[in-house]
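Each chain carries a letter (A, B and C) given by its place in the written order, and its residues are counted from 1.
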Amino acid sequence: MKALLEARNVTRSFAGLVAVDNVSFTLEPGEILGLIGPNGAGKTTLISLISGTQPPSSGEILFQGESINHLPAFRRARLGIGRTFQIMRPFPGLSVLDNVAVGALFGRGDGEAKLAKAREYARECLEFVGLGKIIDKRADELGGPDRKRLELAKALAMQPQVLLCDEVMAGLNHSEIDEVIEVIRKVRDRGISILVIEHVIKAIKSLSDRLLVLHHGEMIAEGTPDDVLADPIVIEAYLGKKRA
Amino acid sequence: MKAWKIGLILAVLAVFAGVPWYGSDVLIQFGINALLLAVLAQGWNIIGGYTGYASFGNSVFFGLGGYGVGIAMVQWHLPFAVGMAFGVVLAVVFAVLLGIPVLRLKGHYFAIATLALSQVMTAIVSNVGIAGQNIGLVLPPLNNDPLFYELSLGLLSIATLTIWGLTRSRFGFGLIAIRENEEGAAVMGVNTTLYKVMAFALSGIFSALAGGIHAYWITFLDPASAFDISLNVKMIIMAVFGGPGTVLGPIVGALSLSAISEFLSSEVTSIAGLFFGLVIVVAVVLMPRGLADMLRRMRKLGWGYFIENIRAHRL
Amino acid sequence: MDLLAQILVNGVLQGGLYAVMALGLALVWGVLNIVNLAHGAFIMLGGYASWYLYTDLHIDPFLGLPLTAVVMFAIGYGIQRGLLNLVIRAPMFNTLLITFGLEVVLTYLAQMVFSADFRTINPSYAGNSFTLGPLVVPVARLVAFAVAIFLTVSMWLFLLHTRLGRAIRATAQNLVAARLYGVEPRHLYAMTFGLGIALAGMAGTLYGTVSQINPYIGATLTAKSFAISIIGGLENPLGVLVGGLFLGIVESLTTLYIGQTYADVASFGILVLVLIVRPGGLLGKTT
């Protein structure tokens, strides 16, 4: 079975800094792949390379076996690659509902041509993430945790095949984190493969089928959560950081 | 849309359409100017208000429309309608060719680039023979103000209808998304380059049509007045004063500011310009979101609306 | 060959003047992110101020520069503190609009107070020129050029080496950082704008000695200042100098080889090209 998403020897460097260094991995259909690493390891950059917001300096990104290096961000979105942003990007002047409707209108394939249907689907997605009660609020009136859910809903409305989640749990308390874990599991149950970047180790351990570790742009470990988290190289990368 | 709203709009439209019958000649002329300015403001609204790209190049489209009509009628002896079509073609070509590189710029830089483009166009057209160079063109006269009035009103109606349609369409949503957060829009599947160029071209089409009507009406064209940058500034002011990114805002802005300007000119000629400038300055401080927003929120906030605006925007 | 050399000299002299004209605009734009559409009008005001100082009080325009500077600084400070500070955090084109409104107000005020006649500031030595081999260099132009260079370099040194200058530069990056210099933001903004207007005023004085002033020159001068600021980049006064010299030379060459009417096409055409290819200006960053 072909991997859904594949990175082959992907490198990204600019201004003398190597942000991502010769990284290769695959994302299989129906899988939740966790991506961890100390701050500045290059995780968000890697996601940007996949979603198309930045070009790789070398290497290839493949989606369903085909190279997508040359495709601009919006085309990749339409192919089925959805993404949430760590630094969130809502449409501030629009209502929560309309924020998500944009995703439905322009998402997978040709999206939805009719505004009414797009809004309907947006409503569903918002219910799914638990924001059903505040769909008419302006997006810039939302607090932190709600904004995270909004990001998720927007990505979901695009009907992606792959969802790239960038730190959706940052700044949440324990119960909020458990709720988000549930939502992500529900997303996977819908048949969407997920690449999750997280700092909350406990959460990512329970979520992920497999785990990748980045450090200084390089991939230093890959495998099941138990194996990876016991790996001495990984422990050193984190502890070394703590000591410094 | 509710029936009474439609009825109201049709009634207002009828009142406006009836002006050539019950209005004085002066009123008709004022009307043509004000209506054409409203069309320009609406055109700008598409690229500036909805897409968020403050263009100073719409006066170029106005000039291209005028010259399209001028060249077609004077040099090639074709009818007015063909001239209008020609003007539209020129505008679209310009919008696509120059829009693609220039729309990659953001904010102030985009504004400056379009401003520079308009200066370049003026200079180029001044040197092109077919356009009559510096001397300009004189069009065949048509002494029928009521006709021009109705044409202008019709064009404004079409422009406004188009914008209304935009707000309920996928395309319009895409434009608003671009305005609110361009990178976010791209990642959600909006083809931002295509949409921006389309918005630019659409706004250009309306500006060109207005330019064509204007040229035929005053029967004279020359580069300096056809591509006059102050026209662009006026349309921006009117759109922003009335409420950018709304369907009726630019119309309200254009008509009210034209009326104020006209009133001041007749009462206190020499200070008219001065007052106009003061009105703008005060309006930006007290009602930066335009008249439409003020009317909507003053009901709730009363005079506090102005204080709120200042407090929100001051350093 | 001689003609070319003369044209180049003219271009350089004009370029220096252009640079100081654009300096104030670039400063205000780069630091405060205010695009001042009334900039040219302030240049015009500075010119008139000097004209009155010369005609009524017989103060030599160049010697009177500090006086002009102080007056214009005060005006600029007042406008920023009392007016522009009120709209700074509003969406971008509000500052465009309000400065446009200011431009209209200033132009009409000037028309009412000074009348529409053309004026030139003509100190007795203004008509002289001296010859350098085959080249003719008008005295007034040379002095204007020298002052322009002096002002540009002084600005550069000021921004780099004085505490206030560094605070102003810090503001361009980050308002909070600026607070660390111990200067209150509203005051800092007003000082910066005042400085920009003072520069505009002085540019007006220089302009008045080599060219004619009337109430309507504001718009064209603003447009030119934009072109120069963008071509030179907003980061650095020396960049503005390069931009000014560049424009001056390009205009002279275009006038010589192609024709007067194309001078504008050349300058604005280059502006568009720079924006598209190197938005940071010839000397600036590439993004």
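The rule we apply is simple: contacts are C-beta pairs under 8 Å (C-beta built on N, C-alpha and C of every residue); 3 or more make two chains touch, one makes a residue touch a chain.
The model shown is predicted, which means the values in this text are computed figures rather than measured ones.
Engineer: Thinking of each chain as a vertex joined to the chains it touches, would you call that graph a line, ring, star, complete, or other?
Structural biologist: Per interface graph, the chains form a line.
Engineer: My parser should flag the chain pair with the most contacts; which pair should that be?
Structural biologist: So the pair of chains linked by the most contacts is B-C.
Engineer: Of all the chains shown, whose C-alpha centre falls nearest the centre of every protein C-alpha atom combined?
Structural biologist: The most central chain here turns out to be B.
Engineer: Hey, how far is the Cα centre of subunit B from the one of subunit C, in Å?
Structural biologist: Using C-alpha averages as centres, the distance is 31 Å.
Engineer: Report the inter-centroid distance (CA atoms only) between subunit A and subunit B in whole Å.
Structural biologist: Distance between chain centres, rounded to whole Å: 42 Å.
Engineer: Measuring centre to centre with CA averages, how many angstrom lie between subunit A and subunit C?
Structural biologist: Taking the mean C-alpha position of each chain, the two centres sit 49 Å apart.
Engineer: Residues of subunit B touching subunit A in their complex?
Structural biologist: For this pair, the touching residues of subunit B are 168-170, 173-174, 176-177, 179-181, 183-192.
Engineer: For the complex, give me every residue of subunit C touching subunit B.
Structural biologist: 29, 35, 83, 85-94, 96-98, 100-105, 107-109, 112, 185-186, 189, 219, 223, 226-227, 230, 261-262, 264-265, 268-269, 271-272, 275-276, 279
Engineer: Residues of subunit A touching subunit B in their complex?
Structural biologist: That would be residues 51-53, 72-74, 77-78, 83, 85, 89-94, 98, 101-103, 105-108, 111-115, 118, 154, 158 of subunit A.
Engineer: Show me the residue ranges of subunit B that touch subunit C in the complex, using the header's touch definition.
Structural biologist: For this pair, the touching residues of subunit B are 48, 54, 101-102, 104-105, 107-109, 111-113, 115-117, 119-120, 122-124, 126-127, 134, 229, 233, 236-237, 240, 270-271, 273-274, 276-281, 284-285, 288, 310, 312-315.
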